[in-house]
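As written, the chains take the letters A, B and C, and residue 1 is the first residue of each chain.
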Amino acid sequence: MLRKLKKLFVGELFGIIIILTVIITVLAIFGEGFLSSYNLKNLLKTIAITILVGLSQLAVLSIGHLNLALGAMGCLAGMFTGYLLQSYDLPLLFVLLGGLIVGGLAGFIQGVFIVKTQINAFIVTLSFVSIYMGVVTGITKGEVFTKQPEQFQMIDKRILFSGLPLLLVISCGVAIILSIFLFGTVFGRKLLSTGANIKAAAFAGINTTLIVIAAHVMSGILAGAAGIMQISRLGAATPTIGSDWLLISFAAPILGGTILSGGKVSVFGTILGAAMMSIIVNGLFLLDVSQYWFQSFIGGILLVSYGIDKLRRGYMLQNQS
Amino acid sequence: MIGNKDIKYNDIVLDLKNISKSYPGVKALNNVSLSMNAAKVHALIGENGAGKSTLIKIISGVIGFDKGSMFVNSKQVSYSTPREAFSDGINVVHQERNVVPTFTVGENILLEKIADKFIGAVNLDQIYRESQEYIDMVGLEASPSSRVDDLSAAEIQLIEIAKALSSKANILLLDEPTSSLSFHEANALLETIKRLRDQGVSFLYVTHKLEEVFEIANEVTVLRDGKNVGTSLPIEELDRHKLASLMVGRSQKGASFPVRKTATTEPVLKVKNIASKIDCHRKSFVLHEGEIVGWYGLVGSGRTELARILIGYDPAIEGEILLNNKKINIKSVSEALNMHGIAYLSESRKEEGLFLTKSITLNVCSSIWSTIRNCCGLINKRTEKQIAEGYATQLGIKAPSVNQIVNSLSGGNQQKVSFAKTLAAEPNILIIDEPTVGVDVGTKRQIHELILGLAHKNISIIVISSDMPEIVQLADRIMVFSEGDICGEILNTKDYKTMSAQIIDKCLNK
Amino acid sequence: MNKIRLIIRKSDSVGILTIVVFICLVMSLLKPEFSTFVNINVIARSISVMAIVALAQMVIIGMGGMNLSVGAIGGLVCVTVGALMAKMNIPIIIAVIAGLLVGLLCGFINGLLINRIHHFTNKLNVTSFLVTLATGSLFTGINLGMTRAVPIYGIPDSFVNIGRITIGGISLLVYLIIPVVLTVFLIMSKTGIGRQILAVGGNSKAAELSGISVSRVTIFSNMISAVLAGIAAIIFLTRLGSAQPTVGSEWLLFSFAAPLIGGTRLDGGQINVFGTVLGAILLALVANSMVHLQVSVYWVTFVHGIIILAAVGFERIRTIRSEERKDE
């Protein structure tokens, strides 16, 4: 019995599932209003957006890069969508596609730059934060787009089966597709292999240039999707979108077991990580903790998860012989 | 006299008596003894997996030993940290370079001095002045203030030796020191070692290159399978043949593969004067169907560079490649593999050949994913697993399942996974770069048999190796490389004595 | 003789220096307002903070890591000093010292956690990225939690006046950074700890083998970085007149941009103190010029991003060219 438990402990997601269950139980009992439909609805919507932000970062983590500019990409896509909604009368599908394409394009430019100049992804994406945010604010000059046709607003407002927000269904759907893509297709294998060892990937005949660019494009599209969801939720497109995404974009995958050094990615773990973060923040809110402390909690949780991860790896190393 | 001033000649500086060391399931060293005399070059030779690196780790204090005793300068010791060995004058110069590239020569040599200070000031001028002594000692032609970035690998190695000398080391362990040096650089290093030896430094020279042993060693200890097969033998009592047979044992004479006649068939590959951006020495050769051609040479002789042209990693910009008498252009690895059936097994498995954090299954199928997918682009996981299991059985890969992460496998099994990956692509031409480096003796034999089996199936094979016995065992024809050019071609009679003499002849007559 | 050699080696900085001089000349000609004392002081006061922020990051980059919490530490020190002076009427000197101690503590925490969490399979900069990402949030959270995002007013006049003093027409603050810059330069080039930081950044394994304690270096370099961030925050406080909890939130990009433009290598082991300062000057000049040229302020960030990419791009071209020369 003990050995089986130990084996589960090593299974990466066991820890987070347990913690999640504990937290939810505690909040259900002690948190005032946690289980109210209003609170749950908002919580699930927040989780939905957080999932996409986390997956956007996961896309590049899978090749061993990081994307510091995903907030800016989301902002770009969101503002562009808002602009389309404000100024033109186009079918909803066109508008959505437009936003996603903008996100993908932003990722494409970034990816091409990284591959062609071979400059560290950290520096490139850090610079592109300024570049893309500069483009957004420079063009819109701080303007806010508030016109949103009914159809678009329904993205946020629609609730399925009396309780499940459409946003969450979309996010989970995207996650499932991403998972199948990463773990079930040829391209996905090539992506993960490139992340595991880019040199060996080149020797295996994989076109690593294409893969790197594709990963950044995926990241951009996912960030764009998150941006579009965000403006639907807010009811307006403002340049503040994405400004607080950086921390959660790393926290969700990391809490869910993705190791930053490449080679191990977990889509389901990212979902759990996103859920855990949002639930904890929600819990703090319900427990009347001032919202200003939230950031320190997330930082603290991250640190704890690093510690647990280190313990787990040390334990596995011991047991390998 | 540098080093320890109290050492007299004919003293024994390092004495290992009946050292044994075991790991779970493996006895790495079994009653090994070694006796090193002062101011001598003591060669420690043995094949890969013989126990050399374990012994070095014990001497340098990285690991301890289970049984036996060790004496340094007549004092009994048992090191638990490298620092202890270090303070007794034992220093190791490893195979990989270990310098701070952004620092200067002087700073690297006297890095210990910098390590000593913390709040105190570091006087760079003084460091430069003091390091000059050691720079001169090793014959390095660089000023103490030049940046290490700008120097060559050979020069950096001299810096490491200078660094060891600066800490009053009198026992220097050199681990495969010429493995990344050119022919000239290697000779220069051997001269430097001889000079330092004459000034009182004792060297433990670890190598598997017999030619170097005869060039520089005074005494030889041979290890095979963790045991002594020769202890502290004076070099005068040995010749090449005796040494080789000590190293390799029965298998050298016993089950040698017979000579095959294949050179009469039509060449499957004809290469004329090709060169690339990286490798500008023009080279030409032919390869026949079902033939095993051995490419022998030291590191840097140009074999891997030529291989990389052929597999499309470093495409040719000059010359002609004819495959089955048809002219082809190899522009990428994917083309070489999928269109022309040319596969490559890299010598650095971990860096270039394997995805260490992934499963055996993923690694084995990493060249053939496009063939195991179904209509929608999804991979057929069952087929994938079956293929991996098939090769695992065929090659005898020891692992609980094909889901096992490759990182946790032994060196020999990792090499087998690498092989499986290349075989899965079902190539017509296979280039194998150093097939048995870091592999234990039993697996080595298996791999050799595997290569021969492939040749029997009419796959044309090029074996790149710096291991002369291996080349003589396997190849039907041997091409000798030196400093970027092909300097000779010999038909293999499989008689080690004559073949090795001819090969060395070709190298030196360049 | 050696000093001349030292200056020539700083020829990396000659490029930036030329551009800086060029911009100054062109702008003085185009817009006379540019070369007034008022404007020079605007630029100078901005540099007095940001140059030190850049140095704070430079030290960690030199060690082979990254410090994402520079801004957070700056903000925390700022509100601490502000609160001590304004709410508890503590003398300026003591408040400043207390603030710097807070900074030291934050740096110590960073270093300690990096040591604890570092796994030998990771690269050092991955670990420092992860840790400082988390501690950055932690510190910001503490900052906001204590202040509830409300700025602290009531800073004693004697403190604020420091920011107003000018000597020879130029703000005192500028003169303050000279000793700071010189101290950093001396530490990094002449002391054991400084060389050890760079040794670890150049090759941590070689450093460890030579007896350098990587964990000790990690802690000390993070403490130095944090103190510098604290100094920058305090200087900023004299400019602002009130302790804003948002101090430092915009520091991240700049803290990497200036060192990289100035020739510091991101891989670690090589820094350029004067280059970093020049990089800070360059970025400040560009921002200021754009205001004068009436370019929308929104485009300033855009231009900053382009400049970093250009600078790092040139660095790469230079590295590639020198490697090609080596092969010949």
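Heads up, the rule we're going with is that a residue touches a chain if its C-beta (ideal position, glycine included) is under 8 Å from a C-beta of that chain, and two chains touch if they have at least 3 such contacts.
The model shown is predicted, which means the values in this text are computed figures rather than measured ones.
Asker: Can the chain contact pattern be summarised as a line, a ring, a star, a complete graph, or none of these (other)?
Answerer: complete
Asker: With contacts defined as at the top, give the pair, B-C or A-C, that has more of them.
Answerer: A-C
Asker: Taking each chain's centre as the mean of its CA atoms, how far is subunit B from subunit C in angstrom?
Answerer: 45
Asker: With centres defined as the mean C-alpha position, give me the subunit A-subunit C separation in Å.
Answerer: Subunit A and subunit C have C-alpha centres separated by 30 Å.
Asker: Where on subunit B does subunit C make contact in their complex?
Answerer: Listed in rising order, the residues are 82-83, 98-103, 107-108, 111-112, 114-125, 145, 150, 152.
Asker: Can you list the residues on subunit A that touch subunit B in the complex?
Answerer: My answer: residues 180, 184-187, 189-190, 192-193, 196-197, 199-207, 262-264, 320-321.
Asker: How about subunit C: which of its residues touch subunit A in the complex?
Answerer: Its residues touching subunit A are 66, 113, 116-117, 119, 121-123, 126, 129-131, 133-142, 144-145, 147-149, 252-253, 256-257, 260, 266, 296, 298-306, 308-309, 312-313, 316.
Asker: Quick one: in the complex, what on subunit C touches subunit B?
Answerer: 2, 5, 189-196, 198-199, 201-203, 205-207, 209-212, 265, 268-270, 326
Asker: Quick one: which bits of subunit B touch subunit A in the complex? Just the residue numbers, please.
Answerer: 23-24, 313, 332-334, 336-338, 344, 346, 351-358, 362, 366-367, 369-370, 373, 377-379, 381, 408, 421
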